[in-house]
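Shared chain: subunit A. Partners: subunit B in the first complex, subunit C in the second.
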Partner chain A sequence: MWRRSASFILDRGNDVVSKPDSITLSPPPTYQSSSMADTLQNPNPNPKISAYYQTRAAHHGVVTSDWLAQAQEAAGPDSPGSDGRSNSAADSGGGGRPFSVIDEFNNWRQQPDLAEAVAAIRALAAVIRASEATTMMELEIELKKASDSLKLGDTTSISLTAGCDLFMRYVTRTSALEYEEFNSAKSRLIERAEKFGEISYKARRIIAMLSQDFIFDGCTILVHGFSRVVLEVLKTAVQNKKVFRVFCTEGRPDRSGLRLSNELAKLDVPVKLLIDSAVAYTMDEVDMVLVGADGVVESGGIINLMGTYQIALVAHCMSKPVYVAAESYKFARLYPLGQKDMAPALRPIDFGVPIPSKVDVETSARDYTPPQYLTLLFTDLGVLTPSVVSDELIQLYL
Partner chain B sequence: MDPRRNPRSVSDPKVRQVGFFAPPPDRSQSGPPDPISSAASSPPLSSVSPSGNSLSPVMIPPPRHHSDNLTLLSCPVPVPVPFPAAVPSSYTAAPDFSPTTAASSSYSGKLAAAAAGGDGELGDDVAMSPGRVGKGRVMASSVPASGLTTVSVVTMPPGITEKVGGASVEVQNERPANSKPQKEKMTKAERRALQEAQRAAKAAAKGEGNKATTAAPGAASSEVTKPNKVVKPSQKKSDGASVAPSEKKGPGGERPPEKERKKDVPHPRMQYDDESRVEKAKRKAVVKQTEARNRVELFRHLPQYERGSQLPDLESKFFQLDLMHPAVYKVGLQYLYGDVCGGNARCIAMLKAFQEVIKEYSTPLEKTLSRDLTAKISSYVSFFTECRPLSVSMGNAIRFLKSRIAKLPLTMSESEAKANLQSDIDHFINEKIILADKVIVSHAVTKIRDSDVLLTYGSPSAVEMILLHAHELGKQFRVVVVDSRPKLEGQLLLRRLVGKGINCTYININAVSYIMHEVTRVFLGASAVLSNGTVYSRVGTACVAMVAHAFRVPVLVCCEAYKFDERVQLDSICSNELGDPDVISKVPDRDESNSLDGLPNSDNLQLLNLIYDATPSDYVSMIITDYGMVPPTSVPVIVREYRREHLWI
Partner chain C sequence: MPDVQALVNEFLFKLKKRKIEGSQATARQTAVLLRSVISQQRIPYTHQAAALIDAVKAVGERLVLANPVELAVGNIIRRVLHIIREEDLSLTSVAMAGLDLSAVSDDEDETDQDDHPVLSAAAVAAASRNTLRPPSLQTLLEDLPDSAAVPHSSSSGGDSEGKSKSADKSSRSRKLKHDVIEAVNELIEDIDTCHEQIAEQAVEHIHQNEVILTLGSSRTVLEFFCAAKEKKRSFRVFVAEGAPRYQGHLLAKELVARGLQTTLITDSAVFAMISRVNMVIVGAHAVMANGGVIAPVGLNMVALAAQRHAVPFVVLAGSHKLCPLYPHNPEVLLNELRSPSELLDFGEFSDCMDFGSGTGSPLLHVVNPTFDYVPPKLVSLFITDTGGHNPSYVYRLIADYYSTDDLVLQRKPASVNSVQT
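Now for the complex of A and B:
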């Protein structure tokens, strides 16, 4: 059911985002899952629904991108939908060329093991490859345009924004590029972009290695949601013959925790599945909380799957450490002051029963955990306290 | 000579004092150059702390000196000799009581007895002494801090004390001889005579036996009576404030030239409870300030003056201050009377004045521009400091300017150098202040959403710009202006905001806890942000931030990065500014008789009008600077990354 609902979202996004051709696509969603239709019809018929599609996709791009790929395969009308989107983006950014960044990005994004930032950078590399620019400056402008349209296409994905920014920074700030002949500079950029996937994988390895010191025998780890980095950490711990057990939250509404528990069970790790509301109940048994992050913001706090904040609060109350595993390309120059101070990232929630139309539903997909509730961040730059994040960001971007 | 003064007795070599911020006053220059010891080779001066040159990163309030208290209290005759007034008894008195291992109680008793005679004259002459002399005396010996210092002396075996003291005397005497041999030639002979007299007196006192505590006043009086010349300035001084200029000129009869004067510039964060230093600084001061009388014990180290008497005094001096540039003079007066206030405005006014100075500057013969201009600017800075203590923003701007002057290539022609400096100043104003404000506004506006209720305190210029810009963008929000006595700066802000059609609420700070629950954002300004994230701002800011924190309302501090300071401050006591205490006791526009009328003269009332306070970084959610929005923990990062790059190139 939840799989179908996602494809439903994709379709729903289409009919608002892409202008003319999506009108023909709008009927299928309504018949596809009528039980959900009334869930969703009333809560936000707002103009922000354009962000809705992207948000949905972006969020799952990070958490369960492989699942997204399956969903997109499963749902028939999806591929024309993404075409429509890329067309509209190409109109705005590409300037009529057959090549489109967004298209490229979406292709990359559908790969299950590819992080979103990597997908963005690969897409930008494709821009370089397809570019007909003859000077570095031209290329830079073109790249800038492409990355802007990418970012605009999905304002809610932090790692996409961060990945674009990071690559743009590399392009504009690497002084070696200026002294090189144009073609070699171009190939160097492409090479760098190709390498980025590797870098991202390596970052995950580094984080897994760094975090081993914190996982001790006999400990109980509470994890929330599905994060590739967290999975990598736990996998490495198993390889290192550590004895530990894991509590997995369910991770409503997309139930990403189920997936993680599934993966862990394959590794013969004792896993216990909790419903999201059982966090406080089990917290006294827990030795540490380990979560991933969609984005690490300038204050040192994290933006992550809905529910992270309350887990961190409970852990803080009970003096349990909260560790965050996040690659450094998720560091973003954002500074939310509170939960509502972010671009809304909404997604549908399936309650299993029809919800009366008068009942409002909170559909936000993520929350912000302030830095004071986090103990340490495991990143490929090292094990950091939250306050160092801003230090790194300032050095990276200023 | 008490060994406690040793660390500070070593002064900086002359070279190091040139290119930097106003150097500390000659802290322990206790006597005239000694002919004998000046012949000896100078001991290593390398123990100079580098921080002595610039602003010291951490302030450690110096211990109170018994010898200083003793100085003022133990002299039966007023010793108004401008320069060595505080000094002679620090020679004589310290050895007197240190070997006796006198309990501080008996010692203070003697003090009281000794000072009883000369109380009358002292009370008038030593205006620096906190409170009335009689009271100050008792406190000085009963305060634990002074007790501590006594202990450190007492525990020292007599022999060692003497030796160390002797050694330090040599060090101190040599240094002035080496570093500024030609200073105040007129007085040199006379001061030498004085010192000889002191030595003789000291030897005599020692010879008599070490329990002769009364020898100190005796010696002092004998000194005073011996050289005739010394009596002369004493008459001058007793005339009071009306002869301030002549007094200032000192026995030399001539103002010391610019460069030497610079050496005596009071340290910007001078400890005003250190009386010898205050004496010294006061003698050099251009602005004749009267010390406020009833000062709060905790804040004695800060300068506090009575208002109102300076203007006629300065006016009368206008034509004598030939060395003071009119533009500087004007800005100084504006500071003094609060016509220019607010960190940015003060900084810009100062820089513009310096620009004028540089425009009309011409290097004197046989001097280099970089040295001479730095000295000149230092003297102007000391004038500004006398008018009102420098803000961090001004300190940073001065540091920038001086580093620019120091970095001028020697080969550059004068006109070129001047043009360069002027454009540097313009750049500084444009980039660090005006442009920075624009960037701050553009960042801060993203944090204002429709239907927000914004609270601000006082009248911070950056916040005003933010509010106006957000209003121009058509955001729908409401503003709560919190204000406080005595300045009521918020009223001006309120007037301007209402004039633009912004919905406003005006409350006093007493009501801040009432209003806070409906507020969604608190925007504050800052005078400085310190390295530990502490926000140093208009008094009351900490209160507003604390209430906001308690209500979980985010507090956004808007501050240009040039106001960041590498110092660390944990409270608002160490470094602060005291305003006129009268304004808090007098409520204007109140017809019925003020209930505090006449009270300020009461002995057991101390009025405290603090200007700044320190907001702990816990209460600050975000600092908006020209480098973006950063958490308060990132202030040292910005200081580290950009200070060097932008200010010290």
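Now for the complex of A and C:
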């Protein structure tokens, strides 16, 4: 049977050639289901699994049933996701070199409060600090190499790519750097990179302020998954004495929605948990949908936790507004035309019961929501319509 | 010279009593008033721009509160504030360039400052970055985080200027005021000529033997049709009467007087007629930042009918109608309820509306809203004095006309939520 296959599968042609030896370990015919079977038995994830979504799950998700206890531990080093990553990091970085940007990045990434782009930029700052370059040009080349290896290390993380691109653009474009001598330019770069964490935090505050006008008393908000920005928005609304209630979806497979409902309950916000399939059932009670984003792409659409597209479609059908809260450093130069245009970011899914090896499992962790289903984007650049995103990106990268 | 305070109070009274009809007249009068406020304002040696901005904001706040529904007032105030910031900035960069060149001539021509051979482009660029440019991805890393955008802080323009030492302060202070007044005069002229500017584009949009539908009456629409007629286009106009004020009747009369084929229909006949129509052209009360339109009541229905039959829905709006705010619950907050006497004769229904009978409150309620909100997805095209634009492009026009610091005019943030100006 002939099926449509996306171009990234052709690109990965050589990877597939090297696959058979890993498949021979276990009898099942397709390696995807084999990886599923593996994850059900042992905690070692398949290297194809998206590190980004594993980290997210470790930080925000609730994997076991005693999730409250798990939340206390936050991201302990024994969680399966971080295990796999430190292994791979040791593989790539352990070649005897004293400094590895991937190690650095993974260290920053462990911190649950740090955004992915901030971790990337901190890692690049460490590259500058460790560099022995004597001219701007050398430094740029070194940074370029480092950011490329970072990006290759995890192709599924959009904010990592966007963060690297943003910083590289700053290094190559800033006119102020041209007038300074090399050492002060270098220290300025490092200082900016360190400040970026603050910028990112500030961005969240600005978004929370801007979105307050949209949350009116007595409204019902549907949220999907766990997003720090969305939590900040709702927290600020509580501080402003707004009266509202929140419907949280469960957010399978890492059940990050449970974590959000937990946080909201702490704030005394009325919360109702929904299973992901109950969205259409409850949509008529909902006044607005508010989601975060893993990445905002050039069309103005968003890439987010699996299920966002579905929710946006339902909301569009019932003409409810869909608002996206996302920091501007998540804007990425991608232009997906459909769901299959992005390399799938795979995540193991725990079905609770063993799945027969003949059954194939859809394990992608994210989907793409086209801009026509989004109403407005709340970003630190202001409240934007989806079409503004490409404008901003063009201004930056052309 | 008349006292400014008296002028302000008189205008406030007119706004409150709804004595001024139409957003163009309101916009013009606001601009004229602000011009006299600026010219009367004494300005100190330092922070001149900040002083002007404060003065304009103080007056502006009261004007907006007098009639929060008339968005043109707020728009013009923001435009004037933006003008002050812009002029201040251009003066600052001229001064800085002058200092660096060490060839200070205080009567440098305003116009050739751009092609000045500026040595420290970085310094000037840094100055301009702080003030006017809206926050963007580009400046995310370049700027210090505190200037990156705290939307409520009043301009940093005054501060940066105060620090820059310059020998010719007194001449600059006079120059700033002069430049601002000059620019406000241009703004007034723009408002005056916006009808002609829009009407000039009429022939590009109205074609031979087309059927155009409009509702109610708008001066912009009338001049648009007339301009097309003058260019020898022959077309037909369907005018929906626009209940309850029936201004469509007046429009129909005017059109006939100018020799246009006109058909008058009731508002309820719009859906029946729309399949014969090639294009809907209407005026607006205000255009919001998301591309939504606040328009005379009944237009949402027309827009929906037009969408059903895939008829282009074109909105004519002068640039003073562009409002940088997002509509929150526009049907209620940005609406005005007029007297029921427009709907009903008092005598006939006075029994039903009698407060004395039975329950103590009348059984019959009459709701007479003035405006409709048309969501951006129903609008095909905006024609402004700068050309035709897509609804999703409106944000760009707004970024040109307003600076982000001015979006909130009330200085008490608590009141922002209750009254969206």
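Heads up, the rule we're going with is that the second predicted complex is superposed on the first by the 302 of 398 C-alpha atoms of A that agree within 3 Å, B and C clash if a C-alpha of one lies under 4 Å from a C-alpha of the other, contacts with A are read in each partner's own complex, and residues count from 1 in each chain.
Rule of thumb we're sticking to: a contact is a pair of C-beta atoms (placed from the backbone, for glycine too) under 8 Å apart; a residue touches a chain by one contact, two chains touch by 3 or more.
Remember, predicted model here, so these are calculated numbers, not experimental data.
Trainee: Per the contact definition in the header, classify A:214: touching subunit B only (first), subunit C only (second), both, or neither.
Mentor: second
Trainee: I'd like to know which partner A:329 touches here: subunit B for first, subunit C for second, both or neither.
Mentor: A:329 contacts subunit C only, not subunit B.
Trainee: When the two structures are overlaid on chain A, which partner does A:154 contact: first (subunit B), second (subunit C), both, or neither?
Mentor: A:154 contacts neither subunit B nor subunit C.
Trainee: Tell me which of subunit B and subunit C touches more residues of subunit A.
Mentor: C
Trainee: Of the two partner chains, subunit B (first) and subunit C (second), which one does A:202 touch, if any: first, second, both, or neither?
Mentor: Touch status of A:202: second partner only.
Trainee: Using the superposition on chain A described above, determine whether A:338 touches subunit B (first), subunit C (second), both, or neither.
Mentor: first
Trainee: Using the superposition on chain A described above, determine whether A:387 touches subunit B (first), subunit C (second), both, or neither.
Mentor: Once the two structures are laid over each other on A, A:387 reaches both partners.
Trainee: Applying the document's definition of touch, where does A:192 land relative to subunit B and subunit C: first, second, both, or neither?
Mentor: Second partner only.
Trainee: Using the superposition on chain A described above, determine whether A:396 touches subunit B (first), subunit C (second), both, or neither.
Mentor: Only subunit C; A:396 stays clear of subunit B.
Trainee: Using the superposition described at the top, list the residues of subunit A that contact subunit B and also contact subunit C.
Mentor: On subunit A, the residues that contact subunit B in one structure and subunit C in the other are 387, 391, 395.
Trainee: Over in the complex, which subunit B residues touch subunit A? Could you list them?
Mentor: Contacts found on subunit B: 447, 521, 554, 556, 621-622, 627-631, 633-634, 637-638, 641.
Trainee: Of all residues in subunit A, which touch subunit B in the complex?
Mentor: Residues 298-300, 333, 335, 337-338, 341, 371, 387, 390-391, 394-395, 398 of subunit A touch subunit B in their complex.
Trainee: How about subunit C: which of its residues touch subunit A in the complex?
Mentor: Contacts found on subunit C: 120-122, 125-126, 134-138, 140-142, 145, 148-151, 289-291, 326, 328-329, 376, 392-393, 395-396, 404, 416-417, 420.
Trainee: Okay, in this complex, where on subunit A does subunit C touch?
Mentor: Touch list, subunit A to subunit C: 166-167, 170, 174-176, 178-179, 192, 195-196, 198-199, 202, 206, 209-210, 212-214, 216, 240, 328-329, 331, 376, 380-388, 391-393, 395-396.
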